[in-house]
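The structure follows.
Chain IDs A, B, C and D follow the sequence of writing; residue 1 opens each chain.
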Amino acid sequence: MSVKNHLSLESIRCVRGDNTLFSELSIDAENGDLLRIRGENGSGKTSLLRIIAGIALADAGKVLWNKKTIQESDSFATDIAYLAHRDGIKSELTAIENLKFYQQLYNQNDTEKLMNVLDALDISHIYPLPARQLSFGQRRRLGFARLLLSSTKLWLLDEPFTGIDVSGRELLEQHCVDFLNQGGMIVMTHHAELEHSELIQREQSVDLTSLNIGRFQSEMETI
Amino acid sequence: MNDFNFSEFIAMGGYAKYVWSSWALTIIAMASLVVSAIRKRKILYRQYHQQTQQSAARKQRLARQQSKS
Amino acid sequence: MWQAIKNFYHRMGTPREFYRIAGYWIPIFGVCFAVLFIVGAYLGLVVAPADYQQGDSFRIIYVHVPAAWMSLFVYVVMAFAGAIGLIWRMKMAFIVMITSASIGATFTFIALATGSLWGKPTWGTWWQWEARLTSELVLLFLYIGIMVLYSAFTERKTAEKAAAILCIVGVINIPIIHYSVEWWNSLHQGSTVIREGGPAMPASMLTPLLLMALSFQFFYGWLLFIKARTQALTQEQGSSWVKQIIESKQVK
Amino acid sequence: MTAKQSTSHFSSFTLFLRRECFLLWNNQENVIQPLFFFLITISLFPFSLGSDPELLKIIMPSIAWVAIVLAIMMSLNSLFRDDFEDGSLEQWLIGNRSLALIALAKIMVYWLFNGVFLAILACIVCLSTNISFEQIKVLFASLLLGTISLQLIGGIGAALTVTIQRSGLLIAIIVMPLFIPILIFGAGAVTRSIAGESVAGALYTLATLAVLSITFAPFGISFALRNTIE
């Protein structure tokens, strides 16, 4: 992973209804960085993640990936993986079919790698079951397995550890740390502290509540 | 306009019902648009006025609490 | 020249500029509408000779045709505003689109109602599945679709974009709808073409029609600017220029 | 599009085709419901119109057309709903892989299961009024062509309202004016065939409408999806 990747947000502004969630938000992140977004519910954590992922459009400001805006850069689409509350797992398909589908979407298809990813997250016993019968924690790990399968450089995780038992958290955190140490980048919204924070190269965090500008004070003039 | 006589004009050659009702309907519809536009403006001003009053009242309450504590 | 249009265009884009420019034009449009309406109505109702075939009932044309023309015109304006809003993400364009929806729907309703009121004396029935009236009815459904879709969303910004997309899809479909209704009409009862305001009309009948059509245009411009200003104020309540304007208005 | 990207686009198209068939095969109520809805609406009419065979012979095919338009309108709600609810729609949005191709794949599969089955069922039902085999062929052809544009233009309505709960009726209101030309030419072809006139004109127009919707509707759908999922 010698390639230097660079994610930068320039004066991002997000308005929901008449309420300006945050504005003038500028952050830079390099390989191996963990960017944690904190703030109470409704302060725009998920919206910020969706703006970075390119699903939502910021009201002002730009998101740059390797000096190009995410709309222009064609490598951005294959470089990022986004794990949302809704984990993108089809309940009719079995766990394996779900992952196989995503693998083919990233046009790789060696099932060998898929199996040891499942072992790594110790959910290999569930692969024949249809996703409908999985518990919430198992589905989250399945979503995480999708991240590990894709060779992406930037992970966008939305509350990845909610609803997962302690041993599960331990495991997922370990994978995050490994990913960071291999030069990956993570942007995560999460409340509690991370146990392994000492192993992480550079950790920045942004508290959206402090940036939250209420309804009447926003002075920005936009077309 | 020498041979203009009022009653004939109103009769509209026997079609008075149709002609006058369609003109009346048009004018009423257009007037209702104008009325709703002006009503919206009034609502905006009244709503704005209430909000400024509320925030002013809230500021006073906060000020009083600070002075008390 | 192109530069002048471009920066006028951008200036109109910001709500504050639009407010000021609209404020300048509102009285002008209002006066033009009033004058043209009165003159047109007088000429149409009193001066124009009665039609040899339909007698005085043809005077409904002076309301029916301008309303039908405006209903289509407003829809096309909405589609353009929607497209501008989507491409350049211009707030004012969406405001213009949404505020003209109710005006356009009212014009369509007027056209339909006066059309059927005019149908009674000439065809003997309140509703006649005639090509123009049927396309007008479909246009009314298009307006209703946009207004219902806009009000179904909670977040205003997505509502505007969805309504704009539906408006553009609708405007592409209007010629298809019109052509298919014409074909369908000729299929079922042959062509009962009634002579409506075609060029064959003598000048004394035609001038009131043009005056009325112009007066409806000014009415639309006038009302659109008023409604758009109010909508702009409600949406930009956070900014300082809105406070300034509202305070100055309340003092008056 | 670079060569690598275009192959990946096409491969993802076939991938989605297979996946969509598999998914539809698993939850079949999306396929069964429109068929039952069609059967219910069409079998109500003889009770209201009376069983005079002459009348039914003329009216049944056009009623079949209206019933199919209603059945498709009703089935549009679930087109993108399940993918949106479990989050896979968001995953597709991320990659700039062409959402239009994915939408086209999805709707082609829905058409295969919905449109074709409805057309077959309609022909079987219309056989009951023993109209000539020639007219059944025209009915079947017009239904096949018509349901393509119905599904695709309906897909735009479904894409616009994917984030709204209980949007069944809302989609019907939105797409109703857009369905009118298709219904006019579809039912028109059938009535002309019953009256013995040539149906070529109407069928050709239906075909052009189908081609137009195949080319433009998927881009409309992907644009609508990108803009309404915020």
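What we mean here is this: a residue touches a chain if its C-beta (ideal position, glycine included) is under 8 Å from a C-beta of that chain, and two chains touch if they have at least 3 such contacts.
As the structure is a prediction and not an experimental result, all values here were calculated from the model.
Peer 1: On a CA-centroid basis, which chain has its centre farthest from subunit D's?
Peer 2: So the farthest one, by centre of C-alpha atoms, is B.
Peer 1: Identify the chain pair with more contacting C-beta pairs: A-D or C-D.
Peer 2: C-D
Peer 1: Just how far, in Å, is the C-alpha centre of subunit D from the one of subunit B?
Peer 2: The separation of the two C-alpha centroids amounts to 45 Å.
Peer 1: Taking each chain's centre as the mean position of its Cα atoms, how many Å separate subunit A from subunit B?
Peer 2: Going by mean C-alpha positions, subunit A sits 51 Å from subunit B.
Peer 1: Can you give the whole-Å distance between the Cα centres of subunit A and subunit D?
Peer 2: 37
Peer 1: If you average the Cα atoms of subunit C and of subunit D to get two centres, how far apart are those centres in Å?
Peer 2: Taking the mean C-alpha position of each chain, the two centres sit 33 Å apart.
Peer 1: Where does subunit D touch two or more other chains at once, residue-wise?
Peer 2: In subunit D, residues 230 touch at least two other chains, as defined above.
Peer 1: Which subunit A residues sit where two or more other chains touch them?
Peer 2: In subunit A, residues 216 touch at least two other chains, as defined above.
Peer 1: Got the subunit C residues that touch at least 2 other chains?
Peer 2: 155, 237
Peer 1: Once the touch criterion is applied, which pairs of chains come out as touching?
Peer 2: After working through each pair, the chains in contact turn out to be A-C, A-D, B-C, C-D.
Peer 1: Considering the complex alone, what residue numbers of subunit C touch subunit A?
Peer 2: Those residues of subunit C that touch subunit A are 10, 13-14, 16, 88-91, 155-156, 235, 237-240.
Peer 1: List the residues on subunit D that touch subunit A in their complex, please.
Peer 2: 5, 8, 11-12, 15, 19, 22-23, 26-27, 85-88, 90-91, 93-97, 229-230
Peer 1: What residues of subunit D sit close enough to touch subunit C in their complex?
Peer 2: Going through subunit D, the ones touching subunit C are 153, 156, 160-161, 163-164, 167, 170, 173-174, 176-178, 180-181, 184-185, 188, 191-192, 205, 209, 216, 220, 223-224, 227-228, 230.
Peer 1: Report the residues of subunit A in contact with subunit D in the complex, numbered from low to high.
Peer 2: Touch residues, subunit A against subunit D: 50, 53-57, 74, 76-78, 80, 82, 84-93, 97, 101-102, 104-105, 107.
Peer 1: Show which residues of subunit C lie in contact with subunit B when the two form their complex.
Peer 2: Subunit C reaches subunit B through residues 41, 45-47, 50, 55-57, 59-60, 63-64, 67, 102-103, 106, 109-110, 113-114, 117-118, 120-121, 219, 223, 226-227, 230, 233-234, 237, 246, 249-250.
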